[in-house]
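To start, the structure itself, in structure tokens.
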Amino acid sequence: MRQVLDIFTVAAVSAGALFFLVGTVGLLRFPDPLTRLHALTKADNLGLGLVVLGLLPQAEGFLAGVKLVAVWLLAQLAGATVTQLVARAVRRGGPPA
Amino acid sequence: MSTGFALDAGLVLDAGLAALVLAVAVGAIVAGTAFAAVVGFVTYGLLLALVWVRLAAVDVALTEAAIGSGVTGAVLIAAAARLRPAEARSAAERPGVPLRLAAAVLSALVAAGLAMLVLLPSAPAPSLGPAAAVHLPELAIGNPVTAVLLAYRAIDTLLEKIVLLLALLGVWSLAPDRFWGGAPGQPHAAQQDGALALLARLLPPVGIVVGVYILWVGAVAPGGAFQGGAILAAMWILVMIAGLRDAPATGGRRVRLLLVVGPAVFLAVGLAGFVVADGFLAYPASYAKPLIIAIEVVLTLSIAVILGLLASGPPGRERQR
Amino acid sequence: MSAETLYGLCAAALVGLGLFGSIVDPQPLRKILAFNLLGGGVFLLFGVIARRGAAAGMAADPVPQAMVITGIVVAFSATALAVTLLLRLFETTGQATLRTGAPARPDPDSDRAGS
Amino acid sequence: MAEFLVGAAGFVLAMVALGLVRLLRGPADADRLMAAQLLGSGGIATLLLLAGGAGVPAAVDAALTLALLAAFASVAFVRSAPGADPAEPDSTEPR
Amino acid sequence: MPPAVTLASAATAGGFLLVLAIILPAAGVLLALAFGRHAERIALLLMPAGFAIAIAILADVWHSQASLVAVMGGWAPPLGIALRADGLSAMMLVTTALVICAVGLFARGDFGMPAGGGEARAPLVFWTMLMGVWSALNAIWLGRDLFNLYVALELLTFSAVPLVCLDGRAETLAAALRYLLFALVGSVLYLLGVALFYGAYGTLDIGLLAGRVRAEPVVWVSAALMTAGLLAKTALFPLHLWLPPAHAGAPAAASAVLSALVVKGSFFLAVRLWFDVLPGLPGVPAAQALGTLGAAAIIFGSVLALRQERLKLLIAYSTIAQIGYLFLLFPLSTGAAAAGIWGSVAWTGGVYQLVSHAIAKAAMFMAAGLIGEALGHDRIAGLGGIGRALPMTIFAFGLGGMSLMGLPPSGGFVAKLMLLTASVTEGQWWWAVVILLGGLLAAAYVFRVLAPALAGADEPLRLCARVSRRREAVVLALAVGALLLGLLPLRPSELLQIGRPAAPTAIMR
């Protein structure tokens, strides 16, 4: 059982890390702010989500698991808000400069 | 300590992290615009929080995450945006080459001196850890950092709260006279920003729970009054920025009482030590823990209000009576 | 090389960088920023010292850690005060510079008189 | 498992660090903020992995704090941009 | 690790006085913030109490001929923090109390709360910051822990900076910002040294450190960093740029506090560092370097003071010069021939300069404030006839000036005479030249003010405001105090030796 969980952790965390890679590449390679934003948020939320998912079996106790999920939810909320706000700032005729 | 591979992986991580911190710092110094520099600084604070975890100082990591990166970053970003019109002009006043060169040499010398000291073997490194550990049972406090802050070196913490209050009064003192006692900043227009308003509705309840948890856990694990207070302050700032709640009048009776209640209770307990224990800031045996927790609770309240108002700036509106 | 040493060297470099920035950068806001970088380096040095002082079952000496927490609070207060001063200066003069050109009155005896 | 988690932490950190190029290059301020945001998420993931891998459970609390404040920089940016506030405070001197 | 409790850190019976000296003004800060419209009353009520505490500490130290010690929370150093009042601390406590109380009486005219009973900005800020300065300074005079002293130093900075820009003019805002930046970098450098000391010796208690420090790189680096930071905060040449606009731009009562007391806080820490933490280390080159900077400050500050058009700037530049004298203390009492620092003429002379300049400079700034109030400006060229209008004030200014010049029988005379004697007996005659030259320059700039002030006006003098007799009397009383200081010499030199190591010669070399 332990081993199965460990394998799950390794798989999920690896996949998560990969999404971070994807996000970074998108941020670096995509041509304009809006597409970059798109790449970034999709990737880092999925990445973080998979990492959290992978860590859940390793969590010691219920509270620790809840905290992990809470971290992910908060990051999701922050990410979504930031995307909205930044996208609007970009659309409003470019960033205020 | 763990096996060879883990140690190596850890060391590689540490080396990368150190390099990253340096790179971000260099970026913040050389960045073309103040805004880029400030965003660099925000990431610097974030990376430092990771470093603190690597250095087994999670209490500090919490503080850095809340203050170093979070609230300080918000203050600096807002300032950079406001100051943009003046930037080109003040950036043009670069000092001459001789001064820059002299500063570079001086800074390099200081850095080299410090690096030399870091590399010099100084075994065994002195530590007050054992001394701090010996007295933890007397205080019934599990987190040694909390014990240092509220017992062994409590006078520092007390004076530092006065520093915070004076900094806030200093910020207020910059307001025009007619605004004295009024609320900071301009009233924010009713928010059309759905996303921001949503965030400001959803986040604070969670944030308050987290802040209280961090405060409460501080007695036995990393956390405590300052970290908890900083999180609460951040939530309050968010609500104010989003325009859901207006900043309070700085002259209001309740605000003033909230500001001073923490330090005042701390001071009062400290003075009571003259009577019921052996001296200023001494806690009577077996009452240490409840007293420390009581102090922390009121301190958290005051810290949250002070930090929130510090970030809000000087009064900018006339006081409604 | 141990992690503490690595971070110690990092702290030394940060101090140098911060010092350099706070001396040469003409923009007050970036001086404030450099001061914060410098402060971060100093705090990091405390952290290294704390880690080296791991003893008695503690992963790090708590005393320097407590000092860093105090220091971070003070640094934040300083930043808030300095930024407010700067913004106020900007509001009154429309500039954000420390060169006291004193727009209100010609001031022959400002601090630069003799230097 | 611990080694793997620490290694993964390092990998995630390295990935998001690459994104910092955007921080320096921009070109828009929004790009810089995005880089910071990515580093924020990566930092949170790193902390969580370290909490498991290096045996510092309290690091999760630090991650929790970071997650709470993750949107702060962007919110400050959006709200302090010109046009966000209805009026600039006027510049009358005290007295 | 050596035993935690040493004899030197055992608390003494009067220790609670030390706590009160710091806590009473701190409580004043809290009360003033909570009950804003009573801020002035709170401050004025606390002043006699604070003064009495300072006197009580002085009396206790003098009576027992030993230091007073308080151990915070019963936690002995190195884990905990101790406060200690030696003779020097006691002297500084009383000087501070004297100047603060005088400034308080003086400031009632400028910073009274409005009649309506509401709270107003400037008075609340002034009185609260005054309490803050007092608390911070007392913490500095009494502190025995380098990090505790860092907190005290920051407390001082945060109470001093807002005083500079109380009037909100653009120049004072810029001056305050520059002052703040200098001060912040200064204290961070100090903090860096603190970190190094802790890393090397595992304690920050001054007494314990003194027993542990050895001549090794870490000590030199941290001493250099701390000294550099403290010099920036003390405005020693060439780190003085921030001082003149800051001190000249502040309201007179605030200038008095800033110039008389605030810059002395960081100087005092430099003295503590070199004489208490590192007494056993031969610091001759460092001492000569500090002395050289001091000498440069004397000449440079005096010459610039001579060239000023405005009275307050003149006084501010004279502060830079007078700070220079303080630093002559270093080469003259750590010099090769110094046998027994604490009894040495230079040590006593330096401390005398500290005290007499504090009192004289406070009086002079307040006098300048009254003059400015009466005339509506402070241009030196326009002072004609003011001597007839404000005789007490001009007399007070002159008495303060005597102390700056070093004319007998002022306190400044005793101080400068002692420094002069020391430089001759130590065979370091070059300092004597600087001291004499500084005295001449001081005479020149003081007379540049007094000459027009005492001369008749070209046209009848029109005063903008009536100056209160009471405030004039306060200024004069303080100036007379600076003068009288010269008449009670020698006793303080005994006081200054209380709490000093018994046989300083043994560890000197």
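Every chain is named by a letter (A, B, C, D and E) in the order it is written, and numbering of its residues begins at 1.
We adopt the following convention: a contact is a pair of C-beta atoms (placed from the backbone, for glycine too) under 8 Å apart; a residue touches a chain by one contact, two chains touch by 3 or more.
Since the model is a prediction, treat every value here as computed from it, not as a measurement.
Centrality by C-alpha centroid: the chain sitting nearest the overall protein C-alpha mean is C.
Between the chain pairs A-D and C-E, more C-beta pairs are in contact across A-D.
For the pair chain C and chain E, the distance between mean C-alpha positions equals 25 Å. In this assembly, the C-alpha centroid of chain A lies 56 Å from the C-alpha centroid of chain E. The distance from the centre of chain A to the centre of chain C, each centre being the mean of the chain's C-alpha atoms, comes to 33 Å.
Taking each chain's centre as the mean of its C-alpha atoms, chain B lies 14 Å from chain C. Residue positions 79, 121, 147, 151, 154, 158, 161, 165, 168-170, 173, 192, 196, 198-199, 202 of chain E each touch two or more of the other chains. Annotation for chain D: residues 29, 33, 35, 40, 61, 64, 68, 71, 75, 77-78, 81-82, 89, 93-95 touch two or more other chains. For chain B, the set of residues touching two or more other chains reads 10, 52, 54, 56, 71, 75, 79, 81-82, 84, 110, 113-114, 122, 125-128, 130, 132, 152-153, 156, 160, 163, 167, 170, 174-177, 193, 196, 199, 203, 206.
Interface residues of chain D facing chain B in the complex, by the touch rule stated above, are 2-3, 6-7, 9-10, 13-14, 17, 20, 23-24, 26, 29, 32-33, 35-36, 39-40, 43, 46-47, 50, 53-54, 56, 58-59, 61-62, 64-66, 68-69, 71-73, 75-82, 85-87, 89, 92-95. Contacts from chain B toward chain E in the complex involve residues 110, 113-114, 116-117, 120, 122, 125-128, 130-132, 135, 151-156, 158-160, 162-163, 165-167, 169-170, 172-177, 180-181, 251, 256-257, 259-260, 263-264, 267, 270-271, 273-274, 277-283.
Residue ranges on chain B touching chain C, taken from their complex, read 10-11, 14-15, 18, 21-22, 25-26, 28-29, 34, 37-38, 41, 44-45, 48, 51-52, 54-57, 59-60, 63-64, 67-68, 71-72, 75-76, 79-80, 82-83, 85-87, 89-95, 99-100, 103-104, 106-108, 110-115, 118-119, 122, 125-130, 132-133, 144-145, 147-149, 152-153, 156-157, 160, 163-164, 167-168, 170-171, 174, 226, 307, 310-311, 313-314. In the complex of the two chains, the chain B residues touching chain A come out as 81, 84, 193-196, 198-199, 202-203, 206. Note for the complex: chain A touches chain B at residues 70, 74, 77-78, 80-81, 84-85, 88, 96-97.
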